[in-house]
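Shown below is the structure under consideration.
Think of it as A, B, C and D in the order they're written, each chain with its own count starting at 1.
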C-alpha cells in the first residue's frame, strides 16, 4: 500500500533559523512521506555575481530550515530515523561565495588574526540536471569546468536538549549543520529525540561540495526532498548515526577536528560492539576497516563521519532493521 | 546620593538554566544597584560526600542563574557595563566533585576515549569567611589544607543573538560560563547587547578555583552579590571586555584553546589601538606587556582572559570612563 | 631501453630509525630503479598474539627505514620526485596491535589523562596475495572477516632541514611517517630537497588501514617495493606533493588536525594557481572539487591529503611533466 | 667552601642550533658553577629598526645555544637538576620583531591562510638595568612606555632521546624552547637524562615578554647566566619539572594548547601523589590550588607551566631535596 505523501512548500515567513524554539509546522505519523521544498542557505537572495551576500542574507538569516515537523509518538529517550528517498535541485542554478572571516583558509571569528581579509565574491553555477553536472565559471579568467552534481542536505536535525535553541549554522549531538555528503538519498539518519515530537527540520541543500566545505560555502541550492521517518522506542542515540545499504556510520561534531574524529570513532566502536565483538576487537576492526569523510571544517563545530562496510562485520540486525523497512517504503514511493 | 538598592533572592522555580529564552524577572535603570542571591552550580543539592551529583543535580539543572534582568534603555548595538561591587559566600560551605566524562584530565563527550572512567566523588569545603580561607579535606587520608577564599562568579552574561538560547554551561561572545577569576568584586564587565533590555543574569559562584577549572568543578558556593550597571549607547562590543582600576582585559571563548587565545589577544590589540597606537605597535606592545589567565579548559568553549596594565598604555578614557563612574557608585554603596 | 635496476635488502644493522643523521647506503642516478625490501614497523619481531610489542620492539626501534639513498645531482632548493612502481607484501602475514598511551581513542603522551589504560594486545593477519585480501581474526570470539589487501608505505621522506634529525615516527615538511594511503603504486611523491643528495628512505609498509590509523597501528607488513626517481632543479616544494594519473594532491602534517587541513588546502590552492587561475578562483574551485583523505591522527603530527582531479583544472604540465616521464619508466620495468 | 666557577663565552662558531647532535663544549661535575654568556635569539645581528631579521638571522641560524655541557656521571634514566643562580642582561639593549608567517595572531606555516601577511618590523628596546626596566618606543607615533625588566631563558634543555636532533626552536620532553617565565633565577629545572652526560645547553634570553610570546618574539637579549647542577640517579622525569622556594611546577609542550595543559596537569597530579595523596585527592587539590602560566603559543609545540604552592601540599622532600641543596650553593656564590 502506498504511504500518505504530503507536499509542503514553506512561505518566506514560515522559514526558521534554529533547531528548537519553534512550534511544529506539521505533524506526521511514522511511515508517512514528506515531499519538501528547501530554500538555499542564502534564502534564495544571492542570484548574481554582483549581489553582496552579507547584505542580501545577513546573520542570523542564513540556513533557513523547512520544518520543524512533529513526529507523532516521539518521546525523549527514543530514536528518530529519517530516511532520505530523493533530493533534487529545485532550480537550474546554485551559488557559492567567499566571505571575510568565514572559511577554513582565512582568519575567522574564532581563529582570529590581524591580517587584511580576502574580498567578498560570488560564483553562480548553472545546474544541468540531465547531465548531472554543475558548471564552474572562473571570475577572473574564461576558464570553465563541469563538476558532478551531487545533491545532499547540509542540515538535518531535531530539537536540542531541553531549554536550548541552537542556530541552524551549528552541528552537534542533535544533528544540525553537519554539511556531510552522507546525508543523501538512500541514507537513513538516526537522531536521539530530546523533546516530545522530535521536531526535526531540514535545509541547506548542496549541489556539490569538496570535503570540509573549505571556503565555508558549498554550491548552495534549493531542493525538493522526499523523506519518510520511523521511531525506535526507548533507544538512545547519543550522536547521529547513519546507515545505507552497505555501511553504518557515525557523525561527530566538535573542535578541534581530532575531537570530531574521536567522537565518531568511539561511537562507531560501541555500535559495532552491538554485533557481539569485544571492545578491543571492535577497536581493532574499526581501525583497519573504517573510512572517514570530513563534513565541514568551517562551522562552529567541525564534523566528521566515520563509516564501516556491514559486510566486514558480524551479521546483525542494525537498529532493529529500520533502514531496511524504510527502504521498502522508499521503493513503493519510487514506483508510485 | 545613594543609589536605589534592590534585594532579590530567587525561589527555586525562578532559577533559569539558559542565557536567552526567559522573560525578565526584574527591570532596572542604569545606576541602580542589585543585591542578589546566587545558588551554587549544583542547585545547593550536593551537601555531603555521600550525595551523588549526577543524581542530585542532573543535566540540564546545573549552573542555575539569577535573572534575567531587563536594563531599561538597552538596545541591540549598545554595550552593557556590569560593575561587581561585592561577592560574598552565602553559606559556610562549598562543594566540589569529580564526575565521569567531565574535566580536563579525563575523556569527555568531545575528547572521547575507550578507557574506563574515574569514579564520581564529592568534597565538601568549610568556609572561614573571617580568615578568608576554605578548608580542603582529603577523602582517602587525613590530610587537610587551607586555601585562600577567592570569590568570583563563574557565569555572567546577556541574552545571545536573536533566536538562540544557550545553556548556562556555555561561554561565548555573550559572556556566559567563562569561569574567569577576573569576574570579581571591583571589575566592570562589558557585554554587547543583543536584545532589547540586554537580559543579563549571573550565577555559578566560586569560592576557590585553580586556573582552568581542571577537574571541571570549582569550590562551588552560593553567593550574595552586589552590582550596578550602565549603558554605552551605539557602541559594539564583539567579545566580553573587562576593566578594573589597573587593567583592561578581553575574554575569548573557543576551542581549541589557542583560538581562545587568538580571540582575546586580537581583541586586546584592537582595543589598545583605540588609544592611538598603530596596529603593529599595538601588536608589539600587547605581545610584551600583556598577561593571560586561563578561565576554563572544560566547558563547551574554553576561556582565556588577556590583560594589560593601563599604566603601560597611552592615556585614554577607556570605554567612555564608565568603569570610573561605576566605581563611584560602588564607593557610595560601600559607605552606606 | 630498460633502466638499471638495483636490488637492496638491508641487514638488521643497516636499518635506520630517523630521517637525516645517517650516511647514504647507496647512490643512484635519476631514472634508475630500486627494488627494495622494507621491514615492518615492529622490526619483524612481533609474530604471535603472545608477543609483547613494547618488549619486542621498544622505542626508538620502530619504523625501521630502508635507506637513506643519495640521489646524484640533488641539491637544496631542488625537488625530488619518487615514483612508486610496485609495492608487494614480502611475507604471508601482517600484524597489528593496541598499546597503552598510543592511538586516537585513548589517552596518550600528549592528550594525557588520568584513566587506566587499555591492555596491550596483538592481532596477526594472514595475507592472501592472490585473492588480494587479509584475514582479521577476533581475539575474543571466533569471528573472522576478510579485508581488501591495500599495500602502501607509511613512511617516505628525505633528510629534514640542516642540523635536524627526526624520528621515523614523525611526519612533517620532509615527508616521513604520513601514513597516507596515497603513497601507493602508481603515485609520484614530490619532496623538497634539504641536503645534498636528498637522502630519502622508505619503510613502514601497510597491508590495510582504516583512515586515520585510529588505533595507532595498521596491518603492518614487510614489503618489496620498486621505485624510480627524478629531479626538478631549482624548484621549491614546501610540503609533500603527490600526483597520479588522475589527481594532484598535497600532504599537510600538523596538530591540531584542522591545521593539517589548512596546510594541505592552502598548498593545493597555490599549486592549482600554477595553471593560471586567480587566487580566489582557485580557492573556490578547490573548495568545491577537492576531496580529503586523513592519513593519521596518532603520530606526533597528524596528516591529511587534499586532492583534486586534473580533469577539473586548466590544462597544465604539472611539475614539468615528471610524473608522466616516470610512468614511462614504470611501464618499461613492468614489461621487462 | 666556594664551588668551582667556570666562565665560558662561546665564539660565534661555537654556537649551536640544536638539542643533541653536537659534542660537548665543556665537562663539569655536579656542584660546580658555570658563568655563561648567551647570545640573543637573532645572533646579536638585528640592532636597528632598519635591519631585516629574515636576512640578518635566517633559519636555521636562530636561537643559538651556549653548550652543550657534559655532566660527569649523568646516565640515561637519571634526572638532571639545573639551578639558575642569576640571569643578567649582557647588553644595554634588547630587540623584538614581527615577521610574516610567525606569531599567534597571523597565519603561519601550520595555521596556514590565504591572506596577505603583515609587514616585517623591528623594535629596539633600551635596557635600564639599574631601574630594572626596558623602554618600548612606538614606531608609528612618539609614544614610549617603560616595562619591567624580567630576565629569563627562553631555551634550556638536554639532548633528546637517542638518534634525534631537534631544532633549538622546539620545546618538548627534553625542555628546549619553552619560553617560560619560570626559567628564571631562583628556579631549579629538572630534566630526564637521555644520553650519557646529559648534554644540556641554554640560550634565548628574554628581558621582557607577555604570556604566550604572542607575536613570536620577546624582548630578546644577550645574557650572563650563573648556574649549577646536580644529579638524581635512577630517577625518571618524563616532562620538565621546575621548583623554586615556594612552588613545584611542570612544563607541558604540545599542540593544541589544551594538550600542553593536559600534560602539565596530569604530571603535576602524579608529582603531588609522591607526597602520599591518592589519585583523586591529588586531582581535586591540583584543580583548586594550582595556577597556570602560558609559555608560548607560537613555537612548534606550545608550552604551559602548571604550578602549585608547596604550602598547600603534604610535607615532602621534593626531588630528594635537590633544590634546597642547590640553593645553598647559590647562596655561597652570591656571597663570594
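Heads up, the rule we're going with is that contacts are C-beta pairs under 8 Å (C-beta built on N, C-alpha and C of every residue); 3 or more make two chains touch, one makes a residue touch a chain.
Treat the numbers as computed from the prediction; the structure is a model and nothing was measured.
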item	value
Cα superposition of chain C on its sequence copy chain D - rotation in ° rounded to nearest 5	180
Pair sharing more residue contacts (C-beta pairs) when A-D is set against A-C	A-C
Copies chain B and chain C touch via same or different residues, half shared test	same
Most widely separated chain from chain A, with each centre as the mean of CA atoms	D
Chain C and chain D: spacing of chain centres that average the CA atoms, whole Å	35
Cα-centroid distance, chain A relative to chain D, in whole angstrom	48
Chain centre separation in whole Å, for chain C relative to chain A (CA means)	33
Shared-contact residues (touching 2 or more other chains) in chain A	105, 111-114, 118, 255-256, 262, 266, 269, 279, 283
Contact set on chain A toward chain D in their complex	105-107, 111-118, 256
List of chain C residues in touch with chain D within their complex	17-18, 20-21, 59-60, 109-114, 161-167, 252, 254-256, 259, 262-263, 266-267, 269, 279, 283
Of all residues in chain C, those that touch chain A in their complex	96, 98, 103-105, 118-119, 121, 123, 136, 138-141, 143, 145, 147, 208-215, 217-219, 255-258, 261-262, 265-266, 269, 276-281, 283-292, 294, 297, 302, 308, 312-314
